[in-house]
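Look for chain A in each of the two complexes below; its partner is chain B in the first and chain C in the second.
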Partner chain A sequence: MSIFHGMNTTASALTAQRLRMDVISSNMANVDTTRAKMVDGEWQAYKRKTVTLQPQGANFSSFLNVALGTSSKDSVGNGVKVSSINEDTETPYKLVYDPTHIDANDEGYVEMPNVDPLREMVDLISATRSYEANVTVFNANKSMLSKALEIGK
Partner chain B sequence: MAIEAISLFQPNQINAVQISDKTTVSEAQHNFGDFLKNAIESVNENQKTSDVLTEKLINGEDVELHNVMIASQKASITLNATLEIRNKVVEAYQEIMRMQV
Partner chain C sequence: MIEVNELDIFGGTISNLERGLNFSATKQKAIAQNIANIDTPNYKSKTVSFDTYLSDAKKSSISSYRTTEKHINFEMKNGNVGISSRNNLSYRNNGNGVDMDKEQADLATNQIYYNALVDRVSGKLNTLQTVIRGGS
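Here is the complex of A and B:
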């Protein structure tokens, strides 16, 4: 475990939060997109996207190391990574009555994307605070290392 | 008791001095020189990484801003560490040189 292990963990966290922020931006930008994907000849509206985060190091080599006994089961983690970007298929589309819209169905309803701006704003704030917290952790890490260099001065 | 005549040493009777197991001065210098060289190489690697990432950012390539900052901080830390070690080594040398002969 090098002296930069903590810094690399923090770097992975910052990258993951940035990706989460990018997904939130995509959701907010597409809040009115009715023609996102062509499925069976029909246009489907944009589906809200979410990210799933997973601890890094949950891969084959880490399990192998634990099994071989070269690393203990409760060793320090390796950071976080975004394992997948999923589409939210649970929340239903918002139906808006507008017969004059091009994409209105037979009853005159238009399927609008299932993006709730309020929820996205909350996610945005959460991602921002998490990013700031990780930056604070990094600064504390760096100041600790700098202090170590002052031993014996 | 018979007195033996003095005989000259034959060249093949002279054995080489056995090299002891302890590190000799030149070996110690060699090890320390290697260690210092590796340390400076790693400092250089960190500096180069930081430079490459900064250039990529300026050119607008796909690199995250926080990675650039983190690389520059790592380079700064390793450089400071090497400076401190250099100070200590020089101080130790000067301390030795101050010995009155």
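Here is the complex of A and C:
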């Protein structure tokens, strides 16, 4: 726990939220991508990507120590990290009837990405708000640190 | 003759204010951690309460082993005191237990509290300086 611990915590959250926004941008950009990757000689449409967050330093030993009572007190923690970027395999592809499309199947349907622009916009706003909240915390932290420098003046 | 370790010009005020500042800084870190994890599933918010912080801070310090009184005593303070999580609280569907409004309010309160403490430390030091200068 150094003096910049709070700022590092906030910085990790800013990084994580920015990555979330990048992933949302990628989803929105690929809303019509039908050729994301080749699987067994067939082109597959883009799959919506999601970000999974987890607290930094949330490892097995820390949980075990708290559960055993070895370290009875919780620590403040070291912020947040992105544990993985997952592909959304739950939501099905949207089927669009377009026989002229080059990736249409025998019945004339095209598998479009499972990206829902509305959902992405909601996630985007959520990420923006979280980012702003962390900027507020950062500024508060900064003003506290500069105030501490005024001790004795 | 006055021995150096009996010269008590600070009278405990500074050290009490210092504890307050330490508490406030720890609380700031806890708030930063909570707001950083606002979107983390199953994260539970951490709180720092003043009375537990103060009693823990008094207990958890480790003093040096001194064979002579002239040895300078040093103290090591445990950094993780008075912090607790509320494990049974959920605000959202993903199990997250961070109340954004509460955190923002705590953030504002904590800042004012910290500034007040800094102001008091400065005031105390100015008083001492006035005494040292003999009121001139």
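Heads up, the rule we're going with is that the second predicted complex is superposed on the first by the 138 of 153 C-alpha atoms of A that agree within 3 Å, B and C clash if a C-alpha of one lies under 4 Å from a C-alpha of the other, contacts with A are read in each partner's own complex, and residues count from 1 in each chain.
Convention: a residue touches a chain if its C-beta (ideal position, glycine included) is under 8 Å from a C-beta of that chain, and two chains touch if they have at least 3 such contacts.
What you see is a predicted model, and the numbers here were worked out from it, not measured in a lab.
**Student:** Assess the superposed three-chain arrangement around chain A: do chain B and chain C clash, or do they fit?
**Tutor:** Fit: chain B and chain C sit side by side once superposed on chain A.
**Student:** Let me test your reading of the model: by the given contact rule, A:Q54 touches which partner, first (chain B), second (chain C), both or neither?
**Tutor:** Touch partner of A:Q54: chain C, not chain B.
**Student:** Counting only touches as set out at the top, which of chain B and chain C does A:R18 meet: first, second, both, neither?
**Tutor:** In the superposition, A:R18 contacts chain B only.
**Student:** Of chain B and chain C, which one touches more residues of chain A?
**Tutor:** Of chain B and chain C, the partner in contact with more residues of chain A is C.
**Student:** Determine, under the contact definition given at the top, whether A:S26 touches first (chain B), second (chain C), both, or neither.
**Tutor:** Neither chain B nor chain C is touched by A:S26.
**Student:** First (chain B), second (chain C), both or neither: which does A:K142 touch?
**Tutor:** It touches chain B, and chain C stays clear.
**Student:** May I ask you to decide whether A:F4 touches chain B, chain C, both, or neither, giving the answer as first, second, both or neither?
**Tutor:** First partner only.
**Student:** Considering only touches as defined above, state whether A:V80 meets chain B (first), chain C (second), both or neither.
**Tutor:** After superposing on A, A:V80 lies in contact with chain C but is clear of chain B.
**Student:** Closest pair of CA atoms, one in chain B and one in chain C, after superposing: how far apart in Å?
**Tutor:** It is 7 Å, taken between the nearest C-alpha atoms.
**Student:** Do chain B and chain C land on any of the same chain A residues, and which?
**Tutor:** Residues 7, 10, 152 of chain A touch both chain B and chain C.
**Student:** Going by the contact rule set out above, which residues of chain B touch chain A in the complex?
**Tutor:** My answer: residues 64, 66-67, 70, 73-74, 77, 80-81, 84, 88.
**Student:** Any idea which chain A residues touch chain C in the complex?
**Tutor:** Contact set of chain A toward chain C: 1, 3, 5-7, 9-10, 12-13, 16-17, 20, 52-55, 71, 73-80, 126-127, 130, 133-134, 136-137, 140-141, 143-144, 147-148, 150-153.
**Student:** Using the touch definition from the top, list the residues of chain A that touch chain B in their complex.
**Tutor:** Interface residues on chain A, with respect to chain B: 4, 7, 10-11, 14-15, 18, 135, 138, 142, 145-146, 149, 152.
**Student:** Going by the contact rule set out above, which residues of chain C touch chain A in the complex?
**Tutor:** Per the stated touch rule, the residues are 21, 24-26, 28-33, 35-41, 43, 46, 56, 79-85, 100, 104, 107-108, 110-111, 114-115, 118, 121-122, 125.
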